[in-house]
Amino acid sequence: MSHSVELHSVGMSFGRTRAVSDVSFTVEAGEFFSILGPSGCGKTTILRIVAGFLQPTDGAVLIGGQDMAGLGPDQRPTAMIFQSLALFPLMPVWENIAFGLEARGVAKAERRKKADELLHLIALDGYGDRMPGELSGGQRQRVAIARALAVEPQVLLLDEPLSALDLKLRQHMRSELRSLQKRTGVTFIYITHDQSEALAMSDRVAVMSDGILQQVGAPRELYDNPATPFVATFVGETNIIAGEVSAIDNGIATVESTHGRLRGRAGDGLAVGKTARLYVRPEALEPDGNGGNRLTAEIESIDFEGAFALAHGRLDDGGELVASIASTRLGHAPSIGERASFAFADVNAVVLPDD
Amino acid sequence: MNAADRIRKAFFGFYFAAFFLYLFAPLAIMGAATFNASRFPTVTPWQGTTLQWFSALWADTGMWQSLWTSAVVAFFVVLVVLPIGTAAALLLTSLHARARSFMYAVMVSPLLTPGVVIGISTLVLWRQLGVGGGVFLIVLAQSSFIICYVMLMVAARLQRFDRTQEEAAVGLGASKFMVFRRVILPFLKPALLAAGFLAVLQSIENYNTTLFVRGFDTPLTVYIATKVRTGLTPAVNALALIMIAVTIIGAITYEVVRRRNQRAG
Amino acid sequence: MTDLYKRFGGGLGTLFVALVAVWLTGMVLAPNIMMIDYALKPNLPPAEIGGPRDVYSLDNILYLANEGVHRAIFFKTIWASALVAFVTFIVCYPLAYWLAQNATQNQTAIVLLALTIPFWINEVLRTLAWYILLAFRGPLNALLMSLGIIDEPVRWYGDGGVLAGMTYAYILFMLFPVYNAIESLEKSQIEAARDLGASVWRTHWRVVIPHAKAGIATGCVFTFMLAAGSYVAPALLGAPGSRWFTEIIYNWFFEGGDWNRGAAYALVLLVLCLTVVLVTLRIARVSLTEVAK
């Protein structure tokens, strides 16, 4: 019923500018797949290539195992949801939803029926005769999705469709999108620059930067095992300690830093004697905890965030340290101005070569 | 209030009075002359109040004939200028920077050409092809520059068009024709209505171009201008008065509707 | 062009290009080329067309240069049209400034609406209104005499009448571009100039007018062109001593029966207008793309 999408060494140049280089990944049928990256990283270009609005300069796109070369957006089993939504402002909601069916020559009565079904699916029964301008942001969002689903696409392409909504609505729409995807079983490819959005909704995420694919993996995997320094810093918050690799043993690398000897899981491309960085998440740091790795810092501020608090400290070499402390344990936390020692386990840190 | 402000207020007050007197006094006098029993349209001396010139207007078959000619011309002008003006605007917005400014200059050039020259050039071309002046040439000559106005108005509207709508439609499987008919054309509709209205006005009001290509046909403006030589009577004023009245009523209606819409939000 | 085809496909794209081609070549270019052809050929009886005397020459244009009366009328039309543009600007500027900087939204709407009323009725009727007003035994003379300003009626028809009628006819073509240009000027700039001690006069001369340059140039160019090419105002409001160049052209066509000479005169008028337009825009450093309303 739904299709997989494969990209094989896709590249795209606009004149002399290289927007995307050598991107390969496979989206499984029925998967919720996100492409995450800062603006200008090439993620929208990838989406437009999959949709058929752009023909790639290199490589191939396969949808459901079929090569899409030369096919326009109207010939592909995809539907796109635009950042601006691009609803037709002068058509009532139901005509918007049934537009794709009108293009396929479906009779009016049937179009109306199908539009009403979709309105029911998105919980907007009875809104068919309104104009798009009369709807709220979230309602327009849902109409855009219904319009795309009306043509029964195998793959739905979403270009940051939530970016115009306010925070509360955005969070609500996340779960709604997620459940809609599960109910329809359509493959979703979702573009976003918001890492929490990507992590919360997706089965798998591709991280891009400067037109290059950095890593593809499940949200947990990206968070726990970043493959590149970019992924380590872009996905979630992290502390960075620079040093030199003195040993690699059993997948654990030892780094000599100004804060002493620290250990973490070794990433790809490490070599003894080379400079490297150690990445450790704020929540992996335990005040007065046990473990071979220790970092000492003077606490400068503690920001209470509700479920946890973030302690900002200054390391001896002037670097910054952020540690997350569960609210339930705040009673034992160091206070501002105090020197505190934080420990972390080897498995909770990653060592990657310098860029 | 200081002295400078007072001087400014006085200046603007005097200026506005003079300006609007200049603007409306000729029209008021022309309108008032309709009711004067004098054979030549004037208000001095007043020779008695009469409504006879309205019936004279009613009886003036030449006037009605010329009005009909103008209406026919205007009808065909609209038919010609709307498609071509729209096509020109679409072509213009599909061009890239340099080609666009060149085409733009070419397309506005008829606006910068004196009306008599447009009439003359059309006349000599078609005489060479064996076609003399008349409604056909009036339509062609008027259209050649009225298209510019349509092009400018449609292009202005197109600038506010969100082109992702086109992509969305194509992505949903619409043919290029359907994109044009269902998405672009409805968006352009207000501009096309306004442009059509302006085209009718421009066509009916035109004199300089029409004069040269009219042949033996006599549109309204030509008829009125000839009357000045052959014997002007206040029947013409009656016509002018009716047109002014219609305009003022139209203007007031427009303003009332505008304010109501504004209040409605 | 390729973008046009990409957007609309072969059928519609070709239709659009064809429509524009019909317009620009059939309705603009071809007539003008034929007019040039006429202008450069002598007026011959049908029997001699294609004969030995049917050759291109500048005779028709040189005729204008050598014919004293026509030449004088030509130059008079130029400076009188420039005067019309200048007077129209002076008349419109204060109103345009007030509308753009001082008026409330509703005031602007009402004034603009009122301004358009005389323009919904046609140019001939507008001119006719002046014809009636300025008649020798007409209302203006009657008023001035009853006020004791003049002792006997003045003959207004002539240069004065033409100037008044033309200015009246082209007010909107000047007002709108100037208004649009001044509207984009930030009020704070005017206040800053005042604050720095500039007089009202200097503020306008140094701040407002330079800012509104493009609009002023556009308005002047249009007014000049319309005035130079006008036929109705000089025909109705003129006198034998105030003939306009367009009247001479008309005479060549419909009274003199020499279309070639008429076409030559029209060509000279066209070249004059285009030159004035381009030179003015050049001086004001306005590109043709900005000349839109």
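The first chain written gets the first letter, and so on, giving A, B and C; residue counts start at 1 in each chain.
Everything that follows uses one rule, which is that a residue touches a chain if its C-beta (ideal position, glycine included) is under 8 Å from a C-beta of that chain, and two chains touch if they have at least 3 such contacts.
Model, not experiment: these values are computed from the prediction.
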item	value
Taking each chain's C-alpha mean as its centre, the one farthest from subunit A	C
Top chain pair, ranked by number of contacting C-beta pairs	B-C
Chain whose averaged C-alpha position falls nearest the assembly-wide average	B
Between subunit B and subunit C, centroid-to-centroid distance (C-alpha), Å	16
Rounded Å distance, subunit A centre to subunit B centre (Cα mean)	57
Length of the line joining the C-alpha centres of subunit A and subunit C, rounded to whole Å	62
Multi-partner residues of subunit B (at least 2 other chains)	175
Touch list for subunit B against partner subunit C, complex	4, 8, 11-12, 15-16, 19-20, 22-27, 29-30, 33, 40-45, 83-84, 87-88, 90-91, 94-96, 99, 101, 104-118, 120-125, 127-128, 140, 143-144, 147, 152, 156, 166, 175-177, 179-180, 201, 204-208, 211-212, 220-221, 224-225, 228, 232, 236-237, 239-240, 243-244, 247-248, 250-251, 254-255, 258-259
Subunit A to subunit B touching residues, read off their complex	51-53, 72-74, 78-80, 82-84, 86-91, 99-100, 102-104, 147-148, 150-151
Interfacial residue positions of subunit C with respect to subunit B in the complex	1, 3-4, 7-9, 11-12, 15-17, 19-20, 22-24, 27-28, 30-32, 34-35, 37-38, 91, 94-95, 98, 106, 109-110, 113-118, 120-126, 128-133, 135, 137-139, 142, 168, 171, 200, 221-222, 225-226, 228-232, 235-236, 246, 249-250, 253, 259, 262-263, 266-267, 269-270, 273-274, 277, 287-289, 291-293
Subunit B to subunit A touching residues, read off their complex	162, 164-165, 167-175, 178, 182-183, 186-187, 189
